[in-house]
Structure formats: C-alpha cells, structure tokens
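Let me begin by presenting the structure, written as structure tokens, before commenting on it.
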Amino acid sequence: MTAGAPPLHSEEAEPEATMTRREPNPIRSDIAWSTRDRITVRGRDLPGQILGHMNLGDFAFLQLTGREATPQQSAVFNAMVITLVEHGMTPSAIAARMTYAGAPEALQAAVAAGLCGLGSVFVGSMEDAARLLSEALPPGQDHSGADLQAIARDKVAAYRQAGRILPGIGHPIHKPVDPRAPRLFEIAAENGMAGPYVALMQAIAAEAERVYGRSLPVNATGAIGAICCEFGFPWRIVRGFGVMARAIGLVGHLLEEGERPMAREIWLRVEDEASAHLRPE
Amino acid sequence: MTAGAPPLHSEEAEPEATMTRREPNPIRSDIAWSTRDRITVRGRDLPGQILGHMNLGDFAFLQLTGREATPQQSAVFNAMVITLVEHGMTPSAIAARMTYAGAPEALQAAVAAGLCGLGSVFVGSMEDAARLLSEALPPGQDHSGADLQAIARDKVAAYRQAGRILPGIGHPIHKPVDPRAPRLFEIAAENGMAGPYVALMQAIAAEAERVYGRSLPVNATGAIGAICCEFGFPWRIVRGFGVMARAIGLVGHLLEEGERPMAREIWLRVEDEASAHLRPE
Amino acid sequence: MTAGAPPLHSEEAEPEATMTRREPNPIRSDIAWSTRDRITVRGRDLPGQILGHMNLGDFAFLQLTGREATPQQSAVFNAMVITLVEHGMTPSAIAARMTYAGAPEALQAAVAAGLCGLGSVFVGSMEDAARLLSEALPPGQDHSGADLQAIARDKVAAYRQAGRILPGIGHPIHKPVDPRAPRLFEIAAENGMAGPYVALMQAIAAEAERVYGRSLPVNATGAIGAICCEFGFPWRIVRGFGVMARAIGLVGHLLEEGERPMAREIWLRVEDEASAHLRPE
Amino acid sequence: MTAGAPPLHSEEAEPEATMTRREPNPIRSDIAWSTRDRITVRGRDLPGQILGHMNLGDFAFLQLTGREATPQQSAVFNAMVITLVEHGMTPSAIAARMTYAGAPEALQAAVAAGLCGLGSVFVGSMEDAARLLSEALPPGQDHSGADLQAIARDKVAAYRQAGRILPGIGHPIHKPVDPRAPRLFEIAAENGMAGPYVALMQAIAAEAERVYGRSLPVNATGAIGAICCEFGFPWRIVRGFGVMARAIGLVGHLLEEGERPMAREIWLRVEDEASAHLRPE
C-alpha cells in the first residue's frame, strides 16, 4: 500500500502512465526468434537441430529450461511428465467433455475448460510436496551433511501441530502402495537422480507412519515433487508440468467423446435428479 | 492426510468407489426447474413474475441470494456491480482481445480468457477488504457496541508489522480521492446501508493516514468490500461479483475489437521488440 | 494466400515486422478513460452520471452500444438478457461446478470453464435465428412493404431442401408452447418494439407448422433472435448476450456448489461406471 | 427441429428426461482404469510397461490412438508435434502472460487463456489443409491410382473461383521456403510415411505456383496437415495436436514471465495510448 507497491496490486491499479510521461521499459523474451529463412528455439535451429533429433519430452525440457536434457535427465523427465497425463474420468475430464458437447467446433476451449480446474485440490499436493522439500533443503546448496531424519521429524511434528495435511504421502485408493511412486524412484535411482530430496521424502513418509501408526507410503505426487526438486525446478513450476501433461490427456478424452459421447447422458441424469424435489407432481 | 480427508484432496484422490460398493449420495440444486409448460427460477415463474418485472441487477440479486432485493438493496447492489463492469484497457481486456483475434468464431472463449486473469492481483484487493472487515466484525452478530477505532488501530498495526498491504485504501492514480468510493458510500447511506462495515473501513483509512502520514482514503475496492459485508455476503463471493460484471465489460471490448481491432497491432509490436536482441543483423 | 491476406491468416502468420521496418498503427479504444480525479465510461461520468442512476441492464446497454437505453429499450433489453441467465443444470453449469471442485481458490476460472461451452450447440440456435432474420431483412432498410409470408415460404423451403434445422422454433420440452417466447413478444409489443423481425419469425413458425404438419411455435431463442434484430444488433453479438448473462447464472451455481456440493458425487458415479467394463473382477 | 434432432441442438434443448421416465444409457470410457494396486492406461500397466519405456511423444500417440507407435511413427509424430510447440510471441502467448499477471496463483488458468485463442485463425490453416486432403483422398481407400495432378488442378481452380484461401501453402515471412516443411517431409520420407497425401500437398503447391505465377511452396501447416492424413488421423483431431503442443510452449512462456515480466509494460503502453484521444488536456 505504501512505498514499494507491487507491479499490479489491485483492481484499481490503473497505470500511472495515464498521469505523467513515462519512460517505456524494454520488452524482451529469450525463447525463440525467426527470420526469412530461419526459425530458432532456445538457440537451436528448429528444422536442423531439433526436428528429427528430439522427442517431445526432451523438447519440452529444452523449452522450459533452455538446456538440453542429458540421457539421464531425459529418462527421468519423460517418466515424470507421462505420469501426469492421464488419470481416468477426473472432474477435469468431465468438465472438458461437457464443454465439448456445447462447442464441438472449439476443441481448444474444451481443453482450456478442463485445465481450469487443475488448482489447489488436484495439483496442489504435488506443488505442496515440492515446496515442503525445497524449503527444507534450499536449492543450490550442498545438502550432503543434512540430517534428514531430524528434518523429517520436525516437518511431521509441525504439520501435525498445525492440523495441516502432509503432502505426498498416503493414498485413498492405492493401498498399501501407490505403484507409481516406487517406479518413479527406481527410474530416478537408475539415472543417478535419487538424491537428498528423494531421501527426505521417504524419511517424511517413514516418520509419518511412525507417528500416525499406519501405512503412509510416498505417493505419486510426493515422488514427483521430490524429483522436481532433484532437477532443481522451482516449486512454482510443478503445476505447469501437470498442466502441460494433462492437456495431452484431455485431447484423448475429447477424441473419445467425439466417437462415444457421455456428456449428454451425464447431463440428462444430473438435470433429472437435481431439481426433482422442486418440480410439482 | 489422516482421518477427515477433505472431499477432493489431491491429484491422487481417485474415488474409493473404484474399490467397493458405494451408496450414492443425492444430487440436488434449488436454483431452477422446468416442466412442459413452466419455467421457474428461485421459486418465481420466469415468464410471469420475472420478465418485465425486474432489471438485470435485481435478477442477479435473486439468482445469487434466492431473495428479491428491496428497493434500497436494488439501488446499492446495482451501483456496486456497475462499478465493476469497466476499467478501460486492463490486462483482462487485452487478453480477451488477443484471444478473439485467434478465434473470432468462439467469442465465448475470448470472454473466458479475459475472466481467467481476475485473480489475486485484480480482484484480490476487494476480496481482501471484505475478508478483513468480516473477520473483524463477524456476520450475523450485533456490532452496535463495537469500538471501531480500536479495531482499526489493531488492524493497521497488525498489517504494518506483518509487512502486508492494507486492502481497500489508497490509489496509485486517483488522488487524493478515488471518486467512486465516496459515491458508493453516499448511495449506501441514502439507502440505509451504511452500517458498521462502512464505518470500520473509513476508520481503517483514517488510522492508516495517521500512521503512514499521507493521504490514504478508502478506494473503490474498499467501498465495495464494505458494502458486500453490509449485505451479509460471504467474502468468498465478492470475486464472483467482479467476474459477472467484467463479463459484460469484456463483451463490450470484443464488440469494439471486431469493429476497430488493436490485437494484431499489439502483437506485431511485441513480437518485433521482444526478440530483437536475438535476431542476427 | 494471395493478395489481400486477412490480418491474421494462419498459424504461420508471423508478423512481417520481423523482416522490415514497419510503421506502427495507432491503438485506440473509445470505451473509457480516467484521470487523477475522473472516471468516464462511454462519455458519462461514472460516479456522477451512472452510479445511482442506472440499473445493471441499462449500463450493459450503454457499455455495448455507447447509447443510453430509452425506457422502452430498457424494458425489452433487461427482459431479453434475464431470459438467458439461468437454464438449470446445463452442461455449462456442470463444467463450472467440476472446475470449482478442483480449484475453489480460482472462482473466475470456474466461470470461464462454464462459458467455454456456450458455442454452436447452445447459443447457436439464437445466433442462427438472428442471422436468418437479418439476412432476410437487411438492417438499416425500410421493410414496411416486405412480403413476410413469401419470405417465410422461401426460407422454410430452402432449409427443408438443405436438410437444415430451422432455428428458433419448436422445443423438445416446452410443448405446445415455450412460455418465454410469447412473454418476450408481449413485452416487445408493449414497448413498441414488435416490428418486422418479430412478425417474420412468427410467419416462419406458422409456415413450418403448415409444411411439417405439427406444432412448431417460436421458442425463446427465436424470440430473442428476433428482438436482437429489432434493436439493430448485428447477429454476431447475440452470442455475447448469452455469455454475459450466463456468467451471472454460473456465479449462482458456484455459490450453491460451495454450500451444497454435487461435483464430487457426479465424479464418483461417472468414474465408477465408465471404466467398470475394463476393471478385472 | 424435425425428426432426428441432434443430441444437443439448442440452448433450449432441456432434456426430455424432465418430462417422462427415461431409461439411462451407459457411460463408458476405454482409456484408463485403476484398482487398489494397478493403474492401467490404454491396456498397458502404467508403472511396469509405460514409465521408463516410452517418451512423452510416444505416450501421447498411445493416449490418442490406443496403439503403440512404431519406430517410424514415433519419429514422424514427435517431429510433427514439436513443430507446434513454440512460435514466439504470438497472441496466444501474450494472452497467457496478461492472464498470469492478474492471477499468478492460477497458472493453469493462464495456460487455459492462451489456448482459448487457438481457433480458426491460428490452427485453422492446418485443419483446413488436412480437411482438403482427406476429402480429396478419403481415408481407408487405396489411392495408388489417383491422378494427383488432376486433383490439384481441380482444387486450385475451385478455391480460386470461390475466392477462398488455399490452406497450407505460401508464407508471409518465410520466403521463399518455410524451412520446417521440407524438413518434415524429409523425416516422413526417411520413415516411409511420405505417401499420397504428401504428394498431393506438393502437387497443389506446384499448381498454385503455376496459376498464381509466384512462389507458393508448402508451408509448415500444409506439411503437418498432409502428415496427419498419412497417419490416418481424422482432420478434426489436428487442432488437438496444436492445442496439446502449445500447452507446453505456454508453460515455457509463463516461466519466463515469472522471471522477466513483460505483461505490465504491455498493459501500460496500451492503456496509455488507447484512450489518449479521449482524455482532456
């Protein structure tokens, strides 16, 4: 409110430019450029150095980080993103299908509708896990001497005291073990990427099992959160992985909806039931 | 994580229904119903009791609350929502226009794109003001004996100590006074709706001016936050008023974009400037 | 591809600006402006001339047309837009509720998701009716001598021959008559706005009934399409009325979803049933 | 309107279920299922058969088609989708960045806003090319004896007569040749996928050059449209490839926006210029 107001701080933050002459600031992006005969993304010639040389996952890594994935990074990154593509008939998939039923000429809007719900409830757990881990072991520092057991004890105790849900562990369905988590950790280990964040995530699960007295293994969101930290990705980007992966999954759902629709049937059932108590005999 | 998991708690929260027989819960809505010859919204016959008898603002009030607005409520509610319709060439309007340029056949998607950005930065201040006020004076209680000056002192001190921005006061452009705020308070007063929340908002502004030593009058978001509390609306709904109002404003922008486009020009300028540093001579 | 390429003509239409020096074109909007002490929308002072003087429907008319509604226009416009606000548990409402379940912190995104489906299937009929009528009786001309019966005969025959659905007539539920249509026509007539477009819509319905041998009265979309033409609105804007009205309705649904959720139950039922045929015993 | 009404045919298509008892139809999806200890997508065990064994492009192919890509299909599909990921500072990227500036806490909504504009203008050319080709050479038939020159002559003449833009050829920037097209065709040829659709697209470009008397080589959208037809994908899905690819690109733009923002600067410039003609001295 006072000095140092953030760039866009309220509905009311109409630009001061409307008042006084303002010096324009530069607009700059480092992602891509093109000329009459060249198209370049992240410094690589698209036709010559990328097409035919990379798979989609590796190109996503390049687009997001500006770096080419090593073979090890490629293996782990592809596995991690693939895990996020498809989760069955989620609320997100249902929203996309309902939207497609109303506007089949605008498939992009149906995918957009499906993505809009990837918020705190659905990708939050993954984001929260990455955040917890990266706050415990700040990126860019040496954590070889960290006492992971002690950190795990502190974190579990703090979450318990605050009545907060510990992200990344336990699962309502996949019991005793979410089979994706050990597989992702296995792939990480095979590629030399099972470091302190993976170890801390596992230590937290073990400590939570001890404290709560029941099976609470690391689930897929915990595994992905930990692996993101191993890559050095900031926790805020984790949601982006879910969003880009799910876009692929939603296109698959819309293709199926076009061939074997369910949206109208869901609509009819819901409409019929929801207001039955209001309609006169 | 433990007992009492929230309804949808993570990406991983696939329904337990996939495991065991589940008793279905009822699906119920009280908003509207129709039969062969009747269409009813919020218990009123749409053709007979609503069309021709209400204006759009009053019908919005009915749709949202289930109650008909009194003449006083109608005057204040219409003024409040109208204030939120149009704010010039906002990021939201630019996003809608850019989207329309790519998909002019899907106007609904362009409005949707414009709405997607009405988040913490743009409607947050209004939401935060309503939240601050309703937490200070919990709804449904008698606040006639409340010491508003003391509450204002506490709140300003608490926000200052936490380094947080006080919502609803000050303005980067409209100085010394955002002209909407006194007008909204005037309309509220004329209609008997300038109660304890309006008074508290003003007390907070006065206290902030005293503490920070500069002019910090209530702005439009503060006025709207206070008036929402006078209505008894929960603070979570305040964002919804902004969203529904802005949808009207965005349709106006898209109409203008169809007749006098600016999206392509913005695009060309940004594209040209953003990657100029990368392109070879 | 050849001379006269449209402004944005393909995925590939990167701006020629990347190639040669380009003279910038002006960016201009006539909707609103503000200064230190004034906020003006469509040439009216917002605090002084609009707040407290207009209802939301009249302000929407001003925002969209740049003109103030006459009392007659106000009556008809408010009724028309109100008709579009709420239609019960539509696919659009279900999409919004599913989205809200995943991202309750982003109510704006849930409304956006609901709007994304207002496409050819749902608002198409209204848009098509307005288009049919405005092509038959071009706006801005004198239609007092038009032979509406002959036009109706031609249109019904042409649609029948092409196997196309005539927009604006008949209704799967509301039989024999959609009660909104006669009421909207009544309000139009009371306000001197039941002109040639309303008459042509009715003539088309009568001719269709004669040709198809069954009851096919004008429905609400036909009535709204005709009234839009009476206002002189271009048919492309008709969808915008539906979008802005439905935004209000969707906020109502999300409020209810927050208090009495149904999204999770719909999800559980769909998830359980959809893949039951795949799951092993 | 008459017999055989489409499933959802108008705003007014409230379900007949509100009237009479209706037999529910089944809801069915073949994409994925899970149980306590298994997660299966398209018939493959996700942890055991997919993670660590596929790259993201190949998994997208599986998700969309239900089939595993051959090595040849993998090479061509990955190249095709990668081509669509990133196009610099497009209107779509600007819309996403403007949205992110208003709601940084809802990254998914910013991606959704960016996707909403992938409509007729931006992905239309690719979709149109695939449609033109698949209508000329219906999928599932033997086209070995087709006279591609004659088809090209007919198509070019027909588009010219109708004043329509031929999709997939020419380019406003990349002259004389869009470098992506020959590279994609090269990759297709190397993998045995340069069949009749690729040949027809090239014949159309040659014929158009002859008729219009200037250089009009196949561009990237033409190459992608042709390759989609070689895969046997229906033309309606082509837009989906663009949408899922661009979701990846948009996440990259939002990451950059978070680190080096441009949205506020674009906003300030546009706001300042757009209403300058209205503001008093």
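Each chain gets a letter, A, B, C and D, in the order it is written, and its residues are counted from 1.
Here is the rule we use: a contact is a pair of C-beta atoms (placed from the backbone, for glycine too) under 8 Å apart; a residue touches a chain by one contact, two chains touch by 3 or more.
What you are looking at is a predicted structure, and each value in this text was computed from that prediction instead of being measured.
A.B. asks: Between copies chain B and chain C, are the contact residues mostly the same numbers or mostly different, with half as the line?
C.D. replies: Same, since over half the interface numbering is common to both chains.
A.B. asks: Could you grab the centroid distance between chain A and chain C? Build each centroid from C-alpha atoms only and quote it in angstrom.
C.D. replies: 35
A.B. asks: Centroid of chain B to centroid of chain C, CA atoms only: how many Å?
C.D. replies: Once rounded, the distance between the two centres reads 23 Å.
A.B. asks: In angstrom, rounded to a whole number, how far apart do the mean CA points of chain C and chain D lie?
C.D. replies: About 27 Å, centre to centre.
A.B. asks: For chain B, jot down the residues that touch at least 2 other chains.
C.D. replies: Each of 8, 14-15, 18-19, 26-36, 87-89, 91, 101-103, 105-106, 108-109, 112-113, 116-119, 121-123, 173-174, 242, 262, 266-267, 270-271, 274-275, 279 in chain B touches at least two other chains.
A.B. asks: Taking chains as nodes and touches as edges, what kind of graph is this: line, ring, star, complete or other?
C.D. replies: Drawn as a graph, the chains make a fully connected set, so complete.
A.B. asks: So in the complex, which bits of chain D are touching chain B?
C.D. replies: 14, 18-19, 33-36, 88-92, 94-96, 98-106, 109-110, 112-114, 116-122, 262-264, 266-267, 270-271, 274-275
A.B. asks: Where on chain D does chain C make contact in their complex?
C.D. replies: Touch residues, chain D against chain C: 1-2, 5-6, 8-16, 18-19, 26-33, 35, 40, 84, 87-88, 91, 103, 105-106, 108-109, 112-113, 116, 121-126, 165-167, 169-174, 178, 208, 212, 216, 219-221, 242, 270, 273-275, 277-280.
A.B. asks: Which residues of chain C touch chain B once you look at their complex with the stated criterion?
C.D. replies: 7-8, 14-15, 17-18, 22, 24-39, 41, 46-48, 50-52, 54-60, 63-64, 74-75, 78-79, 81-83, 85-89, 101-102, 106-109, 111-113, 115-119, 123, 173-175, 177, 179-180, 182-184, 186-187, 190, 236-237, 239-245, 247-256, 258, 260-262, 264-269, 271-272, 275, 279
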